[in-house]
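Common to both upcoming complexes is chain A, partnered first by chain B, then by chain C.
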Partner chain A sequence: MRPVKHTYLWLLAAFVFSVIYLFPLYWMYITAIKSPSEIFASPPTFWPNDPDLSIYPDVWEAREVPRYMWNSLVIAFGATGLTVVFGTGCAYVLARYRNIWVDVGLFLVLMLQVLPASVMVTPLFVGFNQIGLLGWPRTAVVLGVAAKSMPFFVVLVRAAFMTIPRELEEAGLVDGNSRIGAFIWIVLPMARNAILVCALLIFMQAFGEYIYSASIIQDQKLAPASVGLKTFLGPNSKDWNAIMAYSAMYVTPILAIFILLQRRIVAGLTAGALK
Partner chain B sequence: MQIEILNLDKHYGAYHALRDVTVQIPKGQFVALVGPSGCGKSTLLRSIAGLETITSGTLKIEGEIVNDLPPRKRDVAMVFQSYALYPHMSVAENMTYSLRIQGVSKADALKRAREVAEVTGLTDLLDRRPRDLSGGQRQRVAMGRAIVREPKAFLFDEPLSNLDAALRVHMRTEVRALHDRLGATSVYVTHDQIEAMTMADHVVVMRQGVIEQQGAPMELYDRPANKFVAGFIGSPAMNFVDGKIGEDGHSVTLALPNTPVIPLSRKAEAGRNVTVGMRPEHLSLDANDGQIEVAIRSVESTGSMAYYTTRTDPELMLVEQGRNRFRTGDTARLRIAPENVQLFDRKTDIAI
Partner chain C sequence: MKRLFISISDGKGFDILLVGLAMFFLLALAGIPLLYNVLMSFQEVDMFTLGSFIRPWAGLDNYRYIFAQPEFWLVMKNTALFVFCSMAGQFVLGFGLAIFFQQNFWGASTIRGLFLVSWVMPGLVVGGIWSFILAGDYGVLNAILEGLGIIDEPVFWKSDPDLAIWAVIIANIWLGLAFNMLLLSVGLAAIPRDLYEAAELDGATAWQRFRTITLPMMRSTIGAVLALGLIGTLQQFDLFPAMTEGGPANTSSVTQYWAWQMSFKQYDFARGATISMLMLVFVFMAAIVYVRSTRGEVRG
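Our next item is the complex of A and B:
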């Protein structure tokens, strides 16, 4: 077969898979603006007969979306900030020093990644309770989420640091920097892309975090949007268009960020691999 | 003395990287540290820069003991083998970086960078990023970055080894000219003895962390302290043949076919086993006149020089000016110039 035909075949395959992957997203957006009866119509309609956009402001008001979103943002920014500040330092040390203890440390870090959140949440709850952190439940969730995302961040950013030649730092030292100065002015700018991308991925993960928030945060006023979604689900819930409208409001900002920065994210994740 | 290195020792765990190294470098001198890879020359350079800590000994720059000073307080500039240009900065920013750290104003720093760019031919490149430059241009930026600082000493770590052959030869003279113009003090690490010989005032030959010999280039060439230095300095390398001092102490018998006897100008211990060193240009071929007859194994001619090897054990290398007068397979008489023969003790390899 000629290469040109291959290209069309691949494109077609890519298109088909994209449609399959994106269909639920599409379904979410159109279900939100369907009327309750149309949602259950059979055969289903692929475009609403009578689109009703008023569902968005209604849900925004009735479901206190701003408060939930604010809590989600607090948790996401807190966890991302903590991870970036401590993870960057940790990754740098693990990248620059090679000995048995560094290997042991890396192994432990990776082990942490293996443990699922649902297993970790009970010991965390007990621990936080004992040190009285449950009085600040969002802080407790921030700590938990940061700890959970730390291994991912450390492993990826460490790889980025390892691609930066040591001689550059040494040149910085000879040029008049202190050890910390060389790190801040030479190493960090070069690893900036990788750090940003990892931070963004962690932010998006933390923004959607559910397990820790649902278990640790008792007060609905402090709960994030992911937990807020649960308030829809009762024994008789049939408010599907409201649920979908809420989901759309929750997901769209993340999607927008991802689409805007998508090129950068891909470049950042493959930068180390291609060198 | 601009740089004084006194009895310096460096251990990496159990590995003894530098042993009792002493080098005195007066202001304005160009010193080359040369030796095979792993000889400790780079470690010594990095110790001067402060990138390696020293185990014992004293290191002075302009009379001040700098043993425990971090690199930034030593006021030395270094040119790295990989150039180590900051990829996220333009050429101008690379060159002014150290000045800006010192607190020189941006305008002043840029003015100095422009002056240096003029000297190093970088004026048109100041706004470019390092990745947009060729190897030779990057090398110039690395030099320029060092020059801008007007440091107490320049440290070069094999700065020319990533360039192609023609450019390397050109940069040799350029680096040396720059050194002279700036009145700088330079320490230059290289594994290429030709670079060391052609550029330096003072050559330090190292092996396995020890200084084998140091001195002016021609001194090392004419009076090597031991067999290692004799073999390392000079290209093509010196020929070594086993020999034995005659009964009278004024001649040496070579372990070559027909056991030629070479008269010695000085007296040596009779009957002593020695290694005889003969530089390729001190041997010559002649149709009739010479100590022994040899067959020619190979001929290489560059037009201006002819290089021969002989079918003997050990093989001998000869160099002659001009076109080759013999061809592969010819036989000729080999003449050994007795006054230029070097003797080394067979066991200790030390020059006699």
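Our next item is the complex of A and C:
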């Protein structure tokens, strides 16, 4: 495609749009290091008069960030692990064949993808209570989150498997591999990058998960960072610099990973979501 | 036994095992809970019957109870407003930005990618940030609007009963805009360039090209994006606890938040399940549009 005229004008406009769009992020980082009185200044200051980074260690300590973050990590790793282990094989089979059963399976997967967590949380809670799983609340949340994210993972990873030529796998079978061998040594390595990118997406979503954790986990010692944030965030909160410092510590790792791997994530996401 | 083992390692059994494990997992943790939700909406569930599967049959009592609630129509109206305005905002702004970034200038795709950070952020954090931006007395949005001369006195976005739902809508548009833009960009990129060049040679204006080439070529993408927008908006939950908790006086409550409150604030699980059932009607309508519009793509 031929380039547009006045490239720098377009770039300037793009820059302005992204400054407006990303302003909430800037505001989060900048509010965190303002003094408690400066937060309520009217008109607000766009750069802190007296930047104070000590809020970070204070909040880290007072709000027990390490414990909450650890629980978030446990839940995110558990849910991602389950999703990848169960979802990859399913995506592979759904990509390998084309018949009525595959269509039925895909239809079911797509329908499950649309179920809102706010609908599923009531029956999951009551059901988990009946089978005694509420005694292991983090496990219960991991199961719920994995079931929620698996359809999405299957759809995306299936698209990646579709791009691998059947002939490669068949050649492997002729060479004496079993089906398991061909799957593990030939098909999986070729889809590795796509699987990793999708797993990362699932991980980031599970890391920020709130509704299942808030409903199922009663013990704050086992709760993830989202629930920890909710303990002092609400319609009447005033402690804004602590909230923003907590938020910044919570999201910065995710944002850093996202920006580093942006190209791959976007490519993996668009391959399966839509053409 | 040996034949079974061989089939699993080297035959049809292998495929059935792989699909079966995932399907069993989804059935146990999504399919059965969904049916259980339907069942519970027809049962009486209280603290004494919570632990047993056999509970008194309530028939349509739960539904009658929900319809008779004074906030029922308010919540329905809020949900309609929330869904429609969020979708419209996300779609229109997302489409505009997608067309903008479709122009071939240096850095376009990198800057576009940056927009997607909103999509990976936890909903609760996004709600917290917007809650602070939209604060009445010291919120930065009011300061900016006053500075530009658009408003004279602060707008109490979160505490004004007429505006509370709009506060959540604004945050939700911000949250979903980037994903809409990305999907629409993919659709735009698939339109052959020569169509535009031919139209340009024939003297078509930019608006004519948009109306006669872009829109018709994007029809299936637009259908899928709108369906996904509807699904995503009905799935949006985290912004409500972070920003308004449905208040003041339920004026920003929507079905998904009301259902959760019923189950986990009032511990009335049967009625919570009943409200979710009403919501599922809309979710499945969106799902049918979505499945239809992606079927060709997904089947490959």
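The definition used in the following text is that the second predicted complex is superposed on the first by the 251 of 275 C-alpha atoms of A that agree within 3 Å, B and C clash if a C-alpha of one lies under 4 Å from a C-alpha of the other, contacts with A are read in each partner's own complex, and residues count from 1 in each chain.
The rule is short, and it goes like this: contacts are C-beta pairs under 8 Å (C-beta built on N, C-alpha and C of every residue); 3 or more make two chains touch, one makes a residue touch a chain.
Not measured: the values here are computed from a predicted model.
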| item | value |
| --- | --- |
| Combined model on chain A where chain B meets chain C, clash or fit | fit |
| Partner chain in contact with A:215 - chain B first, chain C second, else both or neither | second |
| Which of chain B and chain C A:94 touches, first, second, both or neither | second |
| Touched partner set for A:21, first chain B, second chain C, both or neither | second |
| Chain B versus chain C as contact partner of A:189, first or second or both or neither | first |
| Superposition-derived comparison: chain B or chain C, residues of chain A touched | C |
| Partner chain(s) touched by A:259 [first = chain B, second = chain C, both, neither] | second |
| Chain B versus chain C as contact partner of A:104, first or second or both or neither | neither |
| Contacts of A:176 with chain B and chain C, given as first, second, both or neither | first |
| Superposed arrangement (fit on chain A Cα atoms) - minimum chain B/chain C Cα distance in Å | 8 |
| Intersection of chain A interface sets (partners chain B, chain C) | 178-179 |
| Touching residues on chain A, where the partner in the complex is chain B | 165, 167-168, 170-179, 181, 186, 189-190 |
| Chain A contact footprint on chain B (complex, rising order) | 49-51, 70-72, 76-78, 80-82, 84-88, 97-98, 101-102, 145, 149, 155 |
| Touching residues (chain side chain C, partner chain A) in the complex | 9-11, 14-15, 17-19, 21-23, 25-26, 29-34, 36-37, 40, 45, 50-53, 97, 100-101, 103-108, 110-111, 113-118, 120-133, 137-138, 140, 143, 146-147, 158-159, 174, 177-178, 182-183, 186-187, 190, 193, 221, 224-225, 231, 234-235, 237-238, 241-245, 247, 256-257, 259-260, 263-264, 269, 272-273, 276, 279-280, 283-284, 286-287, 290-291, 294, 297-300 |
| Residue ranges of chain A touching chain C (in the complex, touch as defined) | 1-4, 7, 10-11, 13-15, 17-18, 21-22, 24-25, 27-28, 31, 39-44, 82, 86-87, 89-90, 92-98, 103, 105-112, 114-127, 129-130, 143-144, 146-148, 150-151, 154-155, 158-159, 162, 178-180, 183, 201, 204-205, 207-211, 214-215, 226, 229-230, 233-235, 237, 240, 243-244, 247, 250-251, 254-255, 258-259, 262-263, 265-266, 269-270, 272-275 |
